[in-house]
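Read through the structures below before going on.
Two complexes follow with chain A in common, the first pairing it with chain B and the second with chain C.
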Partner chain A sequence: MAGPLLDIEGLNVDFLTDQGWVTVVRDVSLSVAPGETVGLVGESGSGKTITSLSVMRLVPDPPGRITGGSIRFDGRDLLTLPERAMRQVRGNDIAMVFQESMTSLNPAFTIGDQIAEAVRHHLGLGRRAAVDRAVEVLDLVGIPAPRDRVDHYPHEFSGGMRQRAAIAMALACEPRLLIADEPTTALDVTVQAQVLELLRSLQQRLGMAMLFITHNLGVVADVCDRVSVMYAGQVVEVADVVDLFEAPAHPYTEGLLRSMPQLGVRGEPLATIPGNPPLPWAMPEGCRFHPRCPYATDACRSGAPALTERGGGHFSRCLRLAEIELTGAV
Partner chain B sequence: MSDRPLLEVRDLTVQFQLGGGLFAPKRTLTAVNGVSFEVMRGETLAIVGESGSGKSTIARAVMRLLEPAAGTVHLDGDNLTALSGAALRAVRPKLQMVFQDPYSSLDPSKLIADIVAEPLVVHGRARGGDAAALDRTVQTLLEQVGLGAVHMNRYPYEFSGGQRQRIAIARAIALEPKLMVLDEAVSALDVSTQNQILNLLEDLRTRTGMAYLFISHDLGVVQHVADRVAITYLGRIVETGPAARIFGSCAHPYTQALLSAVPEPNPRRQRARRHQPLAGEIPSPLAPPSGCPFHARCPHAMDVCRREMPAHTAVDGGGSVACHLQTEGPRLAGKPLAADTPTPP
Partner chain C sequence: MLRFVLQRLLATIPLLLIVSLLVFSLVLLIPGDPAFQLAGEDATPEEVEAIREAMGLNDPVMVRYVRWLGGVVQGDLGTSLFSDQPVLDVLLERLPVTLSLAVTAILISLAIAIPAGIITGTRPGSLADRVVTVGSSVGLAVPNFWLGLMLVLLLAIRHAWFPATGYVPISDSVSGWWAHIVLPAFTLGLAAAAILTRQLRGAMVDVMDQDYVRTARAKGLPERAVTVKHAFKNAAIPMVTILGVQTNSLLGGTIIVEQIFGMPGIGQLAVASVFTRDLPMIQGVVIMAVVVAVLVNLLVDVSYGYFNPKVRPK
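Moving on to the complex of A and B:
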């Protein structure tokens, strides 16, 4: 296999808050191979979105600051690129789709103008060719009558159609990596199913890689090849998608899997993870999950575990990995 | 007495007037169209639907936060739609609501103790201004939702989403309601906290005998909590039934599409069951289709579906369905749809 397309190593991101500088992303490593779909899973505040914004160098500064690590794309470190070169990477090599297509599309311009702007800038196409390209990609994402729709404004599209248009805009320059940040979270389930199917088929056709950020394990099971699980700003587990569900190697992952209401027994309480995730300025000593972990021992309260490989590309950040037996969702 | 429903909703219709400005002509949007259902004492009825299906409007009309255009809502024998002023205020304690967003449903300038005490004060249950007694009641309420006296003198911003939803629940149970309307009450929460709240609600229901009208779009959650389910589409209930029947053998093609669209949290099984998703989106309630509201997206649609709105007919296993497949063309006659039939029999 060729080297990874995206390779994040030891990423640290700090934010200035009322409580002073806090680290919201700590030593995060992550890789995506060409054509691969990697899921980045975690609850709100786990650092998954900040990690993805770091790849695009879109972390708001101030208050945020990338304080360490490297992000290699196709061998080049994006963190040391001049802003001018970075602008060529954004939208061209790496594109992004967000949760809220209503806010990521500009309400004052037609869908066609917004797509054309990107392709004129990145591909150097003329006005007419750019509009043709916009029609082509709208057609690609399944928007009916694209020749007419290209002149419509975002508010004239339904939620599902807007998300398709946002995907069309992201794909217009044929990126090699698409970062999708909760792209279906705001959509209804029947429309979510359509958009997931669309992303899957486009990926196969175009051969692009995807970094798929979500909190929804059903979506992960549907689209991802490999998964990184984040908790409290750290990656706690990395695994092939089937391994993650069937043989999780971190107590937090086990807790998430057991918490899925579908797996609950009617009339019995649902499984829970006790407590709440820690705040970034009050991270627990030792393992960050230990206050909520049913397997925690004294060692977990003092020693911070490293991300270690259990074999077969399956990594876990747990001191007791060898001693405990975790169950998956079967 | 106990077999009479606690809540009885008949032919409820809710309309909104849009436009009417200088340039926009007045238009009528029918958000809820002739909806009937009941909730028994101590029961959880889930109303499920996608955005635009009218489920939140139903909740608001039941709460009398909206005036229905037609229909009646009876709670415990009282016709809520006919009451107003003091008479309506007198029945309000029986009916409480928890909203989706715990960040906007709690007044940020008030102490938790005051937020939870407010319904008691408003409804004159604060017993002649005995502050110590009120404090004790508030403390008991907070303990029932897993919080404590230490939380009383804090402000909402000091709490996480899950804790705020506990506070909203403490406020809602203060008047010992018979029916609690939960409008997407756990949708904004992360999975690990969502389950804590669902368990708390279930625990409160067993302890107090309250009934829940549980509005949700999340079928995984509904499958776990609901006794009965009503599926809504474009302002109408298209299918009702016991949860086990709905999730085991549904009768409406829309219910089937909805259930199959939820990805199963198991990669092997999910990839094996994947199939062509339902096309299209829910139509605009400003331009509802003729006949059955689902016909444009329905893989089984027949001519009659484009012309006539189907009536509700009974289904084996309980509940009812509004679908022409039951009575016309290939007759299902009370039978549920066969699992994963792509074409009509």
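Moving on to the complex of A and C:
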């Protein structure tokens, strides 16, 4: 393999808040190989969306600012590209699907118009050819009667159909990397399953890589090859998906796995991780997870652990990695 | 779409009926007796009575209303009490003056408000934003009679760049028309420009935070396409509402502006008719104003459909 398609190294993102500048993403490293699906998992506020927006250089500025690190895509550092060149990457090489299909499509333009726009811009197609392409991708994502549907407005689509249309829009220019930011969270469960299945099959058919952002480990198990777990702005564990579920190497991951509902286990309340994630301007000293960690010792309160490899591409940010025995889900 | 327009026009009939009742009651409410006015100061009571009889002023109110309304719907707005010309002819002769003044004023206000609103709405807190905000406060605060007089003093009298008063129809000379219309139209449109700028700025600030703006950026569109295409079309919806309201109040403003610039439009006619108690003419002016207002509102409703497909009739 010729190295990763996307390679994030030591990314830092700061935000200006009422409390001054705070670092919301600290030293995040992440890579996605061509054709690979990597899950980025974490609670709300863990920095996963900001990380993905950084790849597109769409972190709202102000108040956000990328203050360090590099994001290499196919060897080029996206953070140093001029804006004009970056626009050629957005939507063309890297495309994004957002969580809220209701609000992420423009209500004032037809679905076809919104797809054709990207195609005309990047591929230089004429109006008619761009609309044909729009029909083609709508068909690809399983929208019935795409020839009629291109002229419809977002409000005339159901939630699931809108998300399919948003996926079609992202795929229209055949990107090499698709970033899907909680693409199924706003959908109801049966539609979620359909959209996931669609993404998985498209990813295989088109051979594109995917960075899949979610807070739902069940979804991760379904679609991902590798997983990065984020907590409080840091990556705390990186592992192959099977490894992660069988042998988690970070207490936070163990907590997440335990709090997943499981079939066949009845009558017991779901396990939870006690406490709340820390606020970005009040990060605990030492390991950021220690106030909620059942295994924390005094060492955890003072020493900040580094992301270290346990072996076989399995990384964890835990001081007691070698001492504790964690249980997986399988 | 045609059906929608027809429905809307039908829906205005009750409104027009109410307005016609109000307009007709003007005759009853305004002090003074037109028969006295017509007969002259030396007339005997018998002569006045004869005129009153001839004008049908002695008939019951309802009879007079129905008779008057019957004429109105057939385009007969009566005859001017003073010039003896049909009211409708006088109105149609003067309407182009007022319409070209009002339309130019609206276009000028949009030409100011759209760029100013987009620029400030996409850069809130910037220097440009602060300058425009102060400017729009001034534009709102300046009364148009004062602004008109100052423009005449400075640009027409001192520098003689523009004629001070008068009007040239566009059919006679486009450049002459423009020279005569630009100062009054600017005077009339400035307040609307200020209000529209503020409205658009607020809407743009709001819209620029929407997810679909982020989506447009994620597609790799240039910032100009993101703001002018994706954001503006959504931000224009509240502006169109305000534009309708502004258009109506701007038509009211023509009364003052036409006086200042000596333009022979409806506004000037309205003032003159009030001074001469020319009731049929006043009624005609009011009816015309209402019809124009109804048409403007209809236009606003129709244009909603363009900006906001959700309200488009199926």
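One rule holds for everything that comes next: the second predicted complex is superposed on the first by the 323 of 330 C-alpha atoms of A that agree within 3 Å, B and C clash if a C-alpha of one lies under 4 Å from a C-alpha of the other, contacts with A are read in each partner's own complex, and residues count from 1 in each chain.
Note that in this section a residue touches a chain if its C-beta (ideal position, glycine included) is under 8 Å from a C-beta of that chain, and two chains touch if they have at least 3 such contacts.
These numbers come from a predicted model, not from an experiment.
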More chain A residues in contact - chain B or chain C: B
Chain B versus chain C as contact partner of A:T272, first or second or both or neither: first
Which of chain B and chain C A:L202 touches, first, second, both or neither: neither
Partner chain(s) touched by A:A118 [first = chain B, second = chain C, both, neither]: second
First (chain B), second (chain C), both or neither touched by A:V137: neither
Touched partner set for A:H155, first chain B, second chain C, both or neither: second
A:R87 touches, of chain B and chain C: first, second, both or neither? second
Which of chain B and chain C A:V59 touches, first, second, both or neither: neither
Chain B and chain C contact sites that coincide on chain A, given as residue numbers: none
Residues of chain B defined as touching chain A within the complex: 50-51, 160, 162-163, 190-196, 198-199, 202-203, 217-221, 223-224, 243, 257-258, 260-268, 270-271, 274, 276-279, 281-282
Chain C residues within the chain A interface of the complex: 210-212, 214-222, 225, 230, 233-234, 307-310
Chain A - residues contacting chain C, complex: 56, 58, 87-92, 95-96, 98, 100, 103-110, 117-118, 121-122, 153, 155, 166, 169
Contact set on chain A toward chain B in their complex: 43-44, 158-161, 188-194, 196-197, 215-222, 241-242, 245, 255-257, 259-264, 266, 269-274, 276-277, 329-330
